[in-house]
Structures are given as C-alpha cells and as structure tokens.
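You will see chain A twice below: alongside chain B first, and alongside chain C after that.
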Partner chain A sequence: MNTGFLQSVRALIALKPKQKLTAQYLLSLGVAVLLAFLVGAGIMLLSGYDPITCYGAMFQGALGRPRALGNTLAKTVTLCLTGLAMSLAAKAGIFNVGGEGQLYLGGLAAAMVGAGMEGAPGWLIILCAILAAMAAGGAYAFLPGWLKVKLKVNEVVTTILLNTAAIYFCSYVANGPLKTAERGIASGTAMVSKAAWFTPLIRLSNLTTGVFYAAAVALIVWYLMTRSTVGFEMKITGTNERFARYGGIRAERLMLWGMVLSGMICGIVGFIEVFGLHHRFLTTISSEFYFDGMLVAMIMRYQPVGVILMSFFFAILNIGGSAMELSAGISSELMLIVQSIIIFFMAAEGGISEMVRAHAAARRVRRAAKHAERGQAL
Partner chain B sequence: MQDLPPIVQFSHVSMQYPGVLANDDVSLTIRKGEVFALVGENGAGKSTLMNLLYGLQKPTLGTIHIKGTATTARHDPQRAMAMGVGMVHQHFKLVPSFTVAQNIALGMEPKRRGFFYDQRRVNREVLALGERFGLAVNPRDVVGELSVGLQQRVEILKALRRGADVLILDEPTAVLTPSETDELFTVIRRIVAEQGMTVILITHKLGEVMQLSDRVGVMRRGKLIGVVDTSATDERKLAAMMVGRDVIFDELRTGEPGEQAVLTVQNLSAADDRGLPAVRGISLTVHAGEIVGVCGVEGNGQTELTECIMGMRLQTAGTVTINGGEVSRLDPRAIRAMGVSWIPDDRLRTGLSAKATVTENLLVGKQRRAEFSGFHIHYQKKAARSYAQKLADAFDIRAGGLDLPAESLSGGNMQKAIVAREFSFDSPVLVISQPTRGVDIGAIEFIHEKIMEKRNAGCAILLVSADLDELFRLSDTLVTIYEGRITARFAAGEIDKQGISYYMTGGRQGEEAQA
Partner chain C sequence: MSEIFNLLLFQNTLRTATPVVLCAMGCLLSDQVGIMNIGVDGMMLMGAFFAVLGSYLFGSWAMGLLFAAGIGVLLGLFYYVFSIKFKSDEFIIGVALNILAGGLTVFLLRTLFGVKGSFSGPGIVPLPTIRIPWLEGVPVLGAVLSGNTLLVYVSWLLVLGIWVLLYKTPLGFHLRASGEAPEALRASGRSPERMKRLASVLCGLLAALSGAHLSLGYLTMFSENMSASRGFVAVACVIFGASNPPRVFLAALLFGFIDALGLRLQRYIPSDLTSMAPYVITVAMMVVVVLLRRKKQRSTL
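What follows is the complex of A and B.
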C-alpha cells in the first residue's frame, strides 16, 4: 500500500489547490486530459499497440455493456464520496488524510451491526448500521481534529499515523476475535443479515441500491458546502482562520466538525462496501480508495459538483483500464500513467495559465494601442 | 537644473495586469543628479513603474533606457543593478540574524583564495563605504537588533556597494520616526550633492516631497499626469493633481468628549508571539465621544494591546472592561456581541480573507442574522449580495465585481471594505489600528470623515497609528507608547509633532529635566 499512499501525499503537497474553479482552470483541465491521452497513445505506439483499438477497448470496457457501466458507476460512488469527504474537511481548512482508516472502521462497525442484528427487519438493520458506521468513522476523525484544534498538532501527520493503526486493528479483529466460523474465508467477519443486503441494480455488476444512499449523502454535502450558512462560515475559516475568529466565527468548532463529518462520510463508504459488495467485513475492503478520492478532490479544487463529475471520469479510467488489459492485451498500469500525467499537468497549471494570461494581455494592449493610433490618424 | 543629462528614460511604457492597466503610456525622463519624487494615490502605478525599471516585472509595451542603453526582454534585478539601478523596498529584505557586513555582502561575497568567505575584507569595505557616503554603521552589529532607521541605512549601503548611482526609495519614511526621517533626508541630500547620485523617491507624503525633491511626477490611474519643478508648486496643487479634484482637510470635530468611561484598560500586560513581554502594564481610558490616539513607533506593543482588547490574544495580567463589564477572558465573538469593533492593522492576515469574495468579506459577522440565513441554515446569497452592494456604494468601494476575491481590490479599497464592515455593526466602541496605512489621499480623507462621524455620534474610539499627521488631526487625547508602556499623555493641542517624538523614543513625562 505504501507507494500509492506516498504518491498521494506528495501530490497533496504539490497541488495545494486553494483557488476557485474558474473557466480557465477547466479549460486547462481539458487540455491536460487531452495531452495525457496523447502521451498514453504515444506509449502504446512505442510498445507496438494501436492506440485507437486500446482506447476503444477502454471505453467499451467501462461503458459498453450494462454490466460494465454498473461497475463504473459503483466505482464512481466510492471515488465521489471519498472525494467529498476530503473536500468538506478541506473547505473548513483542515486536511483529512485519514479517510482510509475511518473507512475501515466504518465498514467494520457496519458489518458487526449487520451480523449482530440477524432476524431484525432489513430497514432497521440498515439504519443502525449507517449510524454505527458514521459513529465509528466520525469518532476516529474526532481525535486528530481535537488534537489540531486544542493542541495545534498537525492533522496531516496524525491522520496518516492513525490510518495504519486502524487498518491493523481491523485486520487483527477480522483475523482474531471476530473471525467468521465459515470455511473458506481467510480474514473476515461473520456475514451480514441477508435481509439487509443491498439489491443489485444491474445483474452481475457491483452497482446496488447503495448508490441511492451515496446520492443522498452527496446531495447533503453539496448543500452544506455551497448553499448553507455553515458552508459560508467554513469557507471563511478555510481561507483565513484568523480572520474568521476575529469576525466572530467559531473557527475551531467548525474545523473540528469538518473533520468529524469527513470521517462520518468515510464510515458510510465502508458501510456501502460491506452491505453492497462483500456482505461482511474483509481486510481487503478498500485498496486505497480514499487516496484516489483525495486526488479527485484536489484536482477539482474541492468543488463538490466537479468532484462528482471527475469521479466518473476516473472510474472510467479505472474500470476501462482493466478491461483494456483483458481485450487489447496492454497492461492496465498504462491508465495509471495517464492519471499521473493529468495530475502532473494540473500541478503545472498555475505556471501555464500565467503564461497564457501574459500573452493575452500583451495582445490586448497592442491592439488597443493600434486602435488609438488609427483614431489619431483619422 | 535643466541642463542635467538624462539618466533614465521611459518611453511609452504600458503595463497590463489581469484586469488592470497599471501603467498607461508613460513617458518620463529622469535626470542625473536630481531627487525625483514620484507621487500618486495607491494603485496609481508608481510602484509598478519602478518595478519595471528595477526589472521585477517586464513592461507589456514600450521601452526603458538606462544611461542610454535600452533594457532587454531579459531585464531583471541583477541586470538592473549591473546598470547602476538600486532599490530599497518598503519592507526590508535583510537577514535579521546576520551582521550588517554580512547582509551588505550577501550575494556578492568577496572570496579568499577563490573559495573562502572573507569576513575581514567585507568589514573593511563596509566601513570605507559608510565613510565615503556619510552613512556610519558598525559592520559587526547584528541587523535584527538595529533600529528601523539603521536597517534602512544598511539597505541603502547594500545598493551602493553594488555600484548603484540611481537609487529608488519606495516609501522610505513610512516606518521611521520624525527624527529618523530628518536623518534620512540629510543623507539623501549629501549623496546627491557629493556623489552625484540620482534618487527616485516613491511617496504619498507631500510634505516630504516639498522638503526634499527637485522635481515631482504625479501619477493617477496609471497615467503620468504631469511633471513639475518642486519650487513651482505646493502641497495643495499636488494633492489636487493626484486626486483629480481639490482636497480639503476640514476641521470635522463637533462637541466635546463625554464624561462616561466606556473602554477601560487596567495594568494590562501581554506577551508577543515569541513569548516575550510586549505590553507591560498599560492603563488607559476612552470616554464616549472621545478619540484616544496612541502614538508610537511600530512594534512597541500596539498590536498586542489591540489584540488583547479584541480577545485575539490572552493577556498575562490586567483587565479590560467595557461599560463596566469585564471582557478580559472572552473570545472575539463575545466581545463583538458587547459592542466592540476592530479595524486591525494587518489587512490580509486578520482584516480580510483574500480568497473569499468581496461580498463574503463584507458580510462576515452578520451571516447568522435572519435576513441572511433562512431557518438558520440556508445562506441567502441574494440578500447578502444586495447588502454588500449597499455597503460598497455607501463607502465608495471600487471593486471589479463583488463576486471577485477580495485580493482583487487595491489596498485602499480593501481598507474601505474593512471600515465599511466594522462600522456597520454600530458598535459603541471602536478600536482602530493604522486606518489609512498605504491608502491614497482621497480615501484617507474619506476614512477620516467616517471616523469623525463615529466620534461625533458618541463612540469611544482607540486609534493606533504610525502616522502623526493622522493622530494629531483626529485625536482628542494623545498617549505615547514605548516598549509596551505608556510614556506620556497629552490633550490635543498641548504638544506638537516635534515635541512628541521624544516620548515615542522612550522619554518619560516628568523626566524631561534629566534628559
């Protein structure tokens, strides 16, 4: 897990996305995506593959059949919720790098509730499981948030460390005290009551009714961040904490809440994975889902709508990449290269935009000067 | 004066920033051996023009000649220095823990045997340089322990050592006491007269222009409005040129201060960010309808004093009371609720959120009121927007758009936005720090009027400023602060600017005889 994890943290430090999502930024994002695909095509040509076939296979594999589309959408859900979790905390000026651990604990809590309530009606189990997942994820985020607010302990450091603790704890629990008695399950807890399983929406795909829960969460987060009074106060706190405090905003409380809510969302992701896909807690419940979401959030500068759209795009790369490997024979790692190049260009975006702006300004002034001359000549 | 040869020539120079034409077709000749003052309101483009000369930015159009040689597209500070142009910025670029000599040598260190740094040679060079230009310094002093005036001297020496014969001084007196200013002017006159230096002075203090310069260039909104001989003009005419209309500083005061003590500070002590004592037992009282002006060189505890009153900093001893209620342990939110507003001295760090929009910045503090928050949840964007528009109109905030980030505002407009927000709370107590620093004349006039309106309406106002003109103009009572202590207290009219300088540098009332 370490390489991807370190890359994510490095990307976080490099991107520092604080500015607004402008039309100009979106334009350069489009250009970056295009360039990344071109570089990817170049690599394909060099290794003797036909880029058109490969990319065709990728899109076909991600969107071509209902089942593929279902898997892509399921991936979108995970990316989008983790991305929103990151965005919400970042909006209030606090970085939650600990979503992975919060996700594990949320999943574990949901699985235990789901298994323990065998016999209860499905809706009640789901309700209790959601609450348990939110409580677990939120509580685990509260600790670093509290340390940050009260003792000024850097939250990036604490959340990174707490990730490892949570993952190992869950691994221990799933292999030890709470290991299922069933055979054939290497490291997992007992199965969730069948009454509470999410119903698949598309046969054989990972897309389940869990997507509705995700949509509800996304809607709430979007409202909170962009349309609410609290969102306003979060924005002020996130852009200048000292100013917020001076202006009479309870900045510390908002930061703490931002962190806790972020942890709750991560817990819900764990819950959705358990109830939709595995039906029990497995130690393989997530493979750095949160760090993928974090990247999406940073590339889209923590704008909720942008995060949702970009999640879909990254899901296509992810699911389509695997399909491409199967049908066209080229390694799915290529899609990682394409993703990395997009990130690379977005990190350089500031400098590139600056260059474009300077050129445009020079052109404008020259044109104005020419007009003035012509005016005088007349 | 007319026959002096040109040394710097701007021809048709324009500089376009995103959304702002900072210099608009400026043509200007500066002659060798003169003191040329460049005046204008904030955002008029004077600093931009000098940054172009010094190579910090490249002109969008037009050319600059230095001593007859055109600057190239790759003009930068190194090349500017090689051509003899030196610049002393408003905020010094010195390493506080280095000695004077080390700072002066930095970037151009003499080497022994091509490798080892030669400290002794540097010290000798600096001494010789100081002697030659009449700028005495001790090369072994650590810069961080020097007064601001001496630090500025180090900056000037640094430029001179690199062979500058055109020296740009950006707002050089903004941080100096009156006596330090006099000293600086003596130095400038000497290097111009004896060494044939050319000095370009960026300022908006017209008194200094009249005192020091040979010619004045006036800029307004990016254009060079005119260049005049200093002897043929006066302050009023220059001010009118800068603003584009007549500026009249009237007496605004009506009525006497009340008897009721509103803001009381008793034996207040506080530490600065490094934990060192900054405020050491200050007591003062502000009555309703009174402006108490705090005079002092910056960094003598003024910032910490205001922060304590506002609840942004916890005091180590003493109390603050407002209308008899103690606020010493409350947070800013509670203190605001008791009717205190603050215009902080650090606009970008405390006064605003640069990345939030102008509207959002104007609204902060009122976002929970029913009209802006439906059911205490929903942010009423439209109501906020129209409220911001009303404030912007009332306080003449010129913004490219209220939905643009606050950082797009010029310094003067940022300050007007802060004033607008803080004054709109109708608080009976106002703590005002450096209300017009870096603000142009038109806006100064406006902000002063607003402050006096508040005073005449019965507000208790504590005014902290580094600008003596401002303090003398507005205050009913003046106190001086030095190293965290109040050193003297005067009613307006009891003392003049020259006299008060003594107390600002540590002299105590009642000890004049010994001094």
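What follows is the complex of A and C.
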C-alpha cells in the first residue's frame, strides 16, 4: 500500500462530518434529555408520585454518598466497555448484537476458572480467568462473524438468537452441573477463590480494582484503533468496504477480527462482573447491559469522550432508578422509558433538524415572495 | 415414544407456532417494503400486555384484541415516523423500542395491577376456542385442526391473504415496488412513503396481535418479558423463508414444532436446554438455507 493511497483515505475519513459530535448535536442531546425527563415527570404525576421527590431520590441515590457514587462509576465502566465492544465491531463494518451472550459465557468461563484454581496465587487465577473469558466471548462471536463473512448470513439476527441460546445455556450450567452446594444461592456456580477477588476502591461499593483491567482494555483498543495498521484498515473497511478492497485490504478477515475482538471485550466485561461484584457466576449477572452500552455507543457516534459521558449519565439513571424505587416507591422501570425516549430522539436528531431547517427555509421563501408581491403592488 | 409423539404434540405445535406466524407475516410485509423491523419483539410484548389490560378492564376478549390492535397500529405508525420520516437508523429505533416495551409493560404492571413478575386472575377473559365441524371430520388431524382459538385461524387465512395481496393485486405490486424500486414507483405517480406507512402499520398490528395470542390464547396471563425473543425468531423466519408467505409459514411451524417438542421433553432433559434448542436450530436453519441456495446457484450455472 503506498502512502498516497493512505493520504487520500485519511482525507475521505476526515470529510465525514456526520460522525463527529458537533455543538448542534450536543445541543439536541440536551433537549432530548430534558424532554425525556419531562415525559418521565408527566408519568410520575399521572401515577400519583411527586416528580421532584422522585428525581431527587434518583440523583441522591446515584451520587449522594461515596458508596452510591462508586456503584454509579462501576456501572459507567460496564457501559463504556460494552459500548467499546460495539464500536470496535461497527468500525470494522459488522454489527455485534450478541454481546449479551458473549458477556454471559465470558463470565461463566471466568467463574469456572476462578473456582477451579482454588489455592493458586491470585494473579495467576486472574490471568487464567481473563484468558478463559476472552476465549469464551471471542469464540462465541467468531461463529456469527464467520457465518457472515463466509456465507453472508445476517449477523444481526444470528447474534440476537445466539444471545438467548447462551443465556439459557448458562442458566442450565448454573442450575445443573455446576450448581453451588451452598445454601441460599438460587442459581449460581461455586465461589471464586478469595485470593483473586478484586478489592473495592470505595468501601462497600461495586467500584473495585476491576476498573484498572477495564482501563487497560480501553487503552489497548484505543491503540489498536488509532495507532496501528489494523485499526486503520478496520476504519476504512467500516467506512467503505469496496474502497478498502480496491486498496488491497482483506475486508472479510478484518470484519471477522472486529467481531472476535468485540466478543473478547464482552467476555472481559463478564469476567469483571464476576470477580468484582458477585464473586461467582449468577444467572442475573447482566440485565441487558450490552444493549444499553451498544445504544450509548451508537447515539454518541462511537466518539470515546461522548461515550464515557453518556455512559455516566445512563449509569445515574440505572443506579439512581433502583434507589428511587426503594425510597420513593415508584417502579424503577420508569428509567428505562426515560432512556428509550432519549435514544429515540437522538436517533431521529438528523431527520428532525433537517425537517426544521427545511420548514424554516420554506417560510423564508414565502415571506420573501410576499414582500416582492407587496413591492409590485405599490 | 408414544408419550411424546402424539396428537397433542401437533396441537401444541400450532399453539406455539401461531404467535411466530402472526408476527412473521407482519415482518414479511415490512421486509417487502424495505424496512427491517427489529422492534417487533417489543411490539409483541406491548400487544400481550394491552390485550390482558383490555380483557381485564372490560371483561371481554374482544376488547382485549381491540386494545392490542390499537397499540399495534400506534407502534407501527411510530416506527414508520421515526425510521422513514425522521430518517433514523432502523436498527437503533428497533432496539430502543424493545427497551421501551420491556420498561413500559413492567412499569404499568406494577403501577396498574400492583404486582411484580406476572399478572393472572379470573378477571382476564381468554380467547374462545372455535370448533369447526367439517374440519373435525378430517381423519387423524381433525382434532388438531378444529377447536383452536380465533387467532390460529386468522393466522392461516393471513398466510393465504398476504400471498394473494402481494402477488395478485395492484396494491401488493406497489408495496413490493416501494421496497425494490421506490424511484420507479414515484415516477409512476405513487408515493413509496404511503406504501411503507401501510406496511409498517400492518406489521405493528400483526405483531401486537401475536402478542395478544400469547397472553390471551396460549396462556391467560401476562408475565414480564413474555415475548422471549419470539419476535426475533419471526425475523429469522422471514429471512430464511425469503419473504415468501408459505415458506415463512413453514419455517414458523418448524420453530413451533421444536418448541412444543422441547416442552414435552422437559421430563427427560433439563428445561433450560430444551428452551435453548429452538434458537440454536433457528440459526442452524438459516445456515442450511444459505447453503442450499448456493448449491442451487452453482448447479444452474
């Protein structure tokens, strides 16, 4: 590949303004958030709750105490990593909607290793568990990726179906062959060796040393995407597959790799949840975390800073929502409604602002025409 | 063996396949006009909830169906407005709709009925079963074909009706054109957007009715997340049925058969594994269809 080709491609990528977070886009985001909160307040009023009390309880519950803040930050990390997994695949031109299943399998693999290596030093257990989680998540992503690349089977549908299959499979394992002998654990595997537990950074909170692993993953991905040839080739493939092929890039191999790496990250998310939070695999390890992270990444146009900020915001809604349910009594599912409204409007942002502009332009033209008419009449 | 493979198995197949058939017919229409509707799973869930709500409030299954149909039409219109009018990413809208449906139904379940998990009770009036005397006369299968709920028969008629609509009427021609060649349709003086709106609304309607069958026909209750990815299975059925109504119907029946078989094997195999089977087999079927198509192409070359 000669440098002239690379330069022209760089210019092409730089010319894609839609991918950037413009000031106007951020303004729309603010409006969407405000609108979603207003709708939420309306629902609260309709169901007989006081919006100010409810929202107060939500923010208090998400940010009010160090422990709460720790939980919110831990959730932010989860959303960021899943968003990163989505971005990585999307940039290579393939959609990974199967992160939920990959997360489950990664968590299960990590828990199996963690429980099986009882007695080994902590660092060794962690290393093996990471590798196992990556292998499980990556392998489960490889399947739909390979089907897409070799047989052109729609990856969106296969990954969604494989999610459900993986969740049932993990439920089978956690309730059947690997069910813990402990009492009081509904459906979970045996406990991970205590030597390998992550230590909480804030007392009693979910924020643990697991964050450092997440940061390491993010750093590696950042390097891969922005500083390496592979990342560059991936970017071109995701932007314009035909152009990439013309430049001699093997788009298919990259798509497959994007998918597998994405699955590996999801596996690591499962590993962090197991070692940091539950210390065993539970069937309730994730409640559609991947989908939240995926949508955050999509509406923030895969821009890292935007994804981090939006993940933090969604984490507030999520953690604060449960606190709101406890103290104000309103069902925390309301926050899912607020979230989806934000997503709807951000997805429609381009179309709506285009319509508003066209409307304004039409009105200007009409006014000008009226002016001209009046001028003639005089 | 006879305990598993008997007439009841086929009866169960029909019952489990019908929601997928109804939903797949909606997806098929949407697919024909070029809209990929991932949101059908959420539409199905909403339909299931509102059917129970209508049935419970008015003590009538017809009101349940009406409620489900109403919410389905609204959601279909919503999907159309966002994906076509506002030019949003269909995929994002679909996933967000599924999240909204999951959140809203649980929120309403807790706020209106004050229960968690599921709502059932004598107040919910299920869909009546219909006996068709002349079908009962059919040897062996008579007992399976007759005595089903209303929506089962509706789904059969729909397969035929949609096939006739798409391939034998001018409207169907325009519907297909709006997906394949929207500019050609526009040049002939018709609006592709109107066709897309029609298909999207019908898709929402059918997806919601499939939910109604789930909560009023198949069971008489609503439980959280009761659609259980059936909407996605319907999308998969449309893909490997190549958007052809009879083929999509067969694919959905096959799914129902595996699902029903799994339910009966639960005495021998853990239920998680039997629940997993339909999804794995659906993926496998998608692969097989692609392989078969390739083989065919190669042999015609």
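What to note about this one:
To be clear about the criterion, the second predicted complex is superposed on the first by the 323 of 378 C-alpha atoms of A that agree within 3 Å, B and C clash if a C-alpha of one lies under 4 Å from a C-alpha of the other, contacts with A are read in each partner's own complex, and residues count from 1 in each chain.
Going forward, a residue touches a chain if its C-beta (ideal position, glycine included) is under 8 Å from a C-beta of that chain, and two chains touch if they have at least 3 such contacts.
All of these numbers come straight from a predicted model, not from anything done at the bench.
When the shared chain is aligned, chain C comes close enough to touch A:Gly176, but chain B does not. In the superposition on chain A, A:Ser228 contacts chain B only, with no contact to chain C.
In the overlay built on the shared chain, the residue A:Ala165 is in contact with chain C alone; chain B does not reach it.
When chain A is checked against chain B and against chain C, the one touching more of its residues turns out to be C.
Residue contacts after overlaying the shared chain place A:Phe95 against chain C, while chain B stays out of touching range. Chain A residues in contact with chain B (one complex) as well as with chain C (other complex) do not exist. Taken together, the chain C residues at the contact with chain A in this complex read 36, 38, 82, 85-89, 91-93, 95-100, 102-104, 106-107, 110-111, 228-229, 232-233, 235-236, 239, 270, 272-273, 275-276, 279-280, 282-283, 286-287, 290-291, 294. Chain A contributes residues 43, 47, 95, 97, 147, 151-154, 156-158, 160-165, 168-169, 171-172, 175-176, 288, 291-292, 294-295, 298-299, 330-331, 333-337, 339-341, 343-344, 347-348, 350-352, 354-355 to its touches with chain C in the complex.
Chain B makes touch with chain A in their complex at residues 14, 16-18, 21, 25, 60-61, 310, 312, 331-333, 336-337, 342, 344, 349-356, 360, 363-365, 367-368, 372-373, 376-379, 381, 405.
Remark: chain A residues 18-20, 227-233, 235-236, 239-240, 242-250, 357, 361-362, 364-366, 369 touch chain B in the complex.
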